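All chains are identified by letter, namely A, B and C, in their written order; residue positions are counted from 1 within each chain.
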Amino acid sequence: MKNGDDMIEIKNVSKWYGDFKVLDDCSAVVSKGEVVVVCGPSGSGKSTLMKTVNGLEPVQQGEIRVADTVVTDRKTRLTALRSRVGMVFQHFELFPHLNVLDNLVLAQTKVLKRPLAEARERAMLLLRRVDMEAFSEKFPGNLSGGQQQRVAVARSLAMDPMVMLFDEPTSALDPEMVGEVLEVMMQLAREGMTMIVVTHEMGFARKVSNRVIFMDRGRIVEDCPKDDFFERRDERSERARDFLDKILQH
Amino acid sequence: MNYAFEWGTILRAWPYLMQGLQTTLLLLVVGVVLGIALGTVLAICRMFGPRPLAALTTGYVNLFRSIPLILTIFWFYIMMPGVMRVLTGDPNLTVGPIYAALAALVLAEAAYFCEIVRAGIGSVRSGQMQACLSLGLTRWQALTNVILPQAFRNMTPSLLNQTIALLKDTSLVYVISMNDFLGAAVRIGQRDGRVVEVFIFVAVVYFVVCSAGTWLAGWLQKRLNPGKA
Amino acid sequence: MNYSWDWLIFLQPSITGEGAYGYLLLRGLLWTLAISSLSWVLAVAIAAAVGIARTLDFVVLRFLAATYVNIFRNIPLLVQLFLWYFVVPELLPTAWGTAIKRMDPLLNQYFTVVVGLTLYTAAKASEHIRSGIESVSAGQKQAGRSLGLTTAQSYRYVILPQAMRIVIPPMTSDFLNVFKNSSVALTIGLLELAGATYQLSEFSAQPFEFFAAATLIYMMITYTVILLMRAVERCTRIAGSLGAAS
């Protein structure tokens, strides 16, 4: 290891679906405590790139490392890694047949082998943090989208992750619920969590992120400090400017 | 029409018919329980197993779904004594047709149940598996704790419908001269020369039981998907 | 087990003196095809009528159609066949019953099986047609009506052409069910493929050859039908419709 501060290292990663190249020689480094926003047009490979970090999307070429674990090594036990890399999905993916509390308890007891009482206690603590403790006995189907996503964040946090991945966490939400989820994420960032966030919320990127990665057609086109990305537009590539124009118009 | 009904014949045949009904119920219960168990295993092999195993399962399912159940029953009827003699090492063993019938029903129905379970697992959003994996659960833990509970809930109506189909299918064991509900009725009807009354009675019993099941399946379906008819 | 295989058994003359075993097996296959094709054609016609009836606003018709479906769906095929074969002739006017009993037994068996199989299959298939029609969106129905089409016209030009395509896959499996279910004919003495297989395996004392052959024939025909219907499906697919995607 060259740098003790590197949390995630993606090195020359390529991936194909059949003949179609979804990821094209992507490299990036995320340091501990950094918040990196990944943006780009749909189909540019940003969600895929993020899912390679916890091995949900296997890659054909390149190397990925999270802390001391080489994800791309076939011998790596992915379950152990994944339990330490939290992930939040666009469509929440709470378990609909379990109540909120059990959604948080399941993986704690099955993966981390925590005793039930301890898992429950930890779950309640995190539900309080996302302001959902009053709903612990409710089922996901009875919650609003924003509430479900806050529970989903708490579910990931219950595993004591060293990194959090967010896959378009607000794009399936009604507009009035976006704020409550972003608020939880900002708080997390302030506490020093290492985060990769795929999102179109440029406001969030401006306020919270350290760096912005812009992807297009499977390639990382831009990877720069957020101020450079938003303020020094003339230094950006044409594609990135085009994207920013479209997304910031409204 | 100048047929003179004589319904008293049903009463006289009652104990015999009830015996037949017991056999039918045995076939039904064993068929459903083992059929669903084996069908679930097959579905998991087919969807999550290594490629050769998945291909083998597909072949199994296609084989049993493309030949008539009657032929399957015949197959086991002629094979079972030989197989059992080899298994037990007793060359003079006699094997009752009930074993052939049970084996045929379980193995054939498992192919149908497999397709239902597969559809049920397919009805669970793929993100659920990803969410489980991202929490560090193994595939097996994800299946047993998250995917299958949702799948079985979604497919209860289909399972119930297939159970009714299985109940109707059990009557086919008549072809190997078993005394199930229908077989008993045929025999008693012929003995007393009263097939008309006995067959009508049998038809009504099947109709009532199957209708109740069909209605229940429809009701469950509506409760699960209030949006759809 | 010391079973001695003899695949040439099909060429040997049967002990009944009716011809080679292979020929007798083939005769069974022809009966299977004769039963299933006629039953299928009739069943589709009835199923279409019943399925449409169940979606109309005419309450009496809807009730009659639903009653038919519920009765014929919820009684085992074999029981229905026995009702047609043993019970119905007794309940008909005496002259008719006698006429049926005096018929050529083979024809009598054939038509009885066709009647039983047709009505059983039509009940199931009509459900597929009904749900096919119901899956055509209510918007399409209203669009038809708002253009001034009569009910008959909107079914003929708007609803049925769309529903038909959705219905192809379930109707394929219905056909395969008729094909397999035709084996119940053996219970009233008509030796179609499965029945012939069983009988010939007893006559020849070489059961496994016959059962293997029958299994292969059933599988081959099933696959041929599936491939054929896939081709039909591909030809009739509508752009942008989900019905075809599976």
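In this text, contacts are C-beta pairs under 8 Å (C-beta built on N, C-alpha and C of every residue); 3 or more make two chains touch, one makes a residue touch a chain.
A quick note: this is a predicted structure, and the numbers were derived from the prediction, not measured.
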Of all chain pairs, the one with the most contacts is B-C
Would you mind checking which chain's mean C-alpha position lies nearest the centre of all protein C-alpha atoms? B
Between subunit B and subunit C, what distance separates the C-alpha centroids? Give it in angstrom. 21
What is the distance, in whole Å, between the centres of subunit A and subunit C, each centre taken as the mean of its C-alpha atoms? 54
Rounded Å distance between subunit A and subunit B, as computed from the means of their C-alpha atoms: 46
In subunit B, the residues touching two or more other chains are none
Which residues belonging to subunit C are in contact with no fewer than two other chains? none
For subunit B, which residues count as touching subunit C in their complex? 1-3, 62-63, 65-71, 74-75, 78, 82, 86, 164, 167-169, 171-172, 174-175, 182, 186, 195-196, 199-200, 202-203, 206-207, 210-211, 214, 229
Within their complex, subunit A touches subunit B through residues 51, 54, 56, 78-87, 89, 91, 93-97, 106-107, 110-112, 155-156, 159, 165
Flag every residue of subunit B that touches subunit A in the complex, lowest number first. 125, 127-128, 130-138, 141, 145-146, 149-150, 153
If you look only at subunit C, which of its residues touch subunit B in the complex? 1, 3, 70-71, 73-80, 82-83, 86-87, 90-94, 134, 176, 180-184, 186-187, 194, 197-198, 201, 207-208, 211, 214-215, 218-219, 222-223
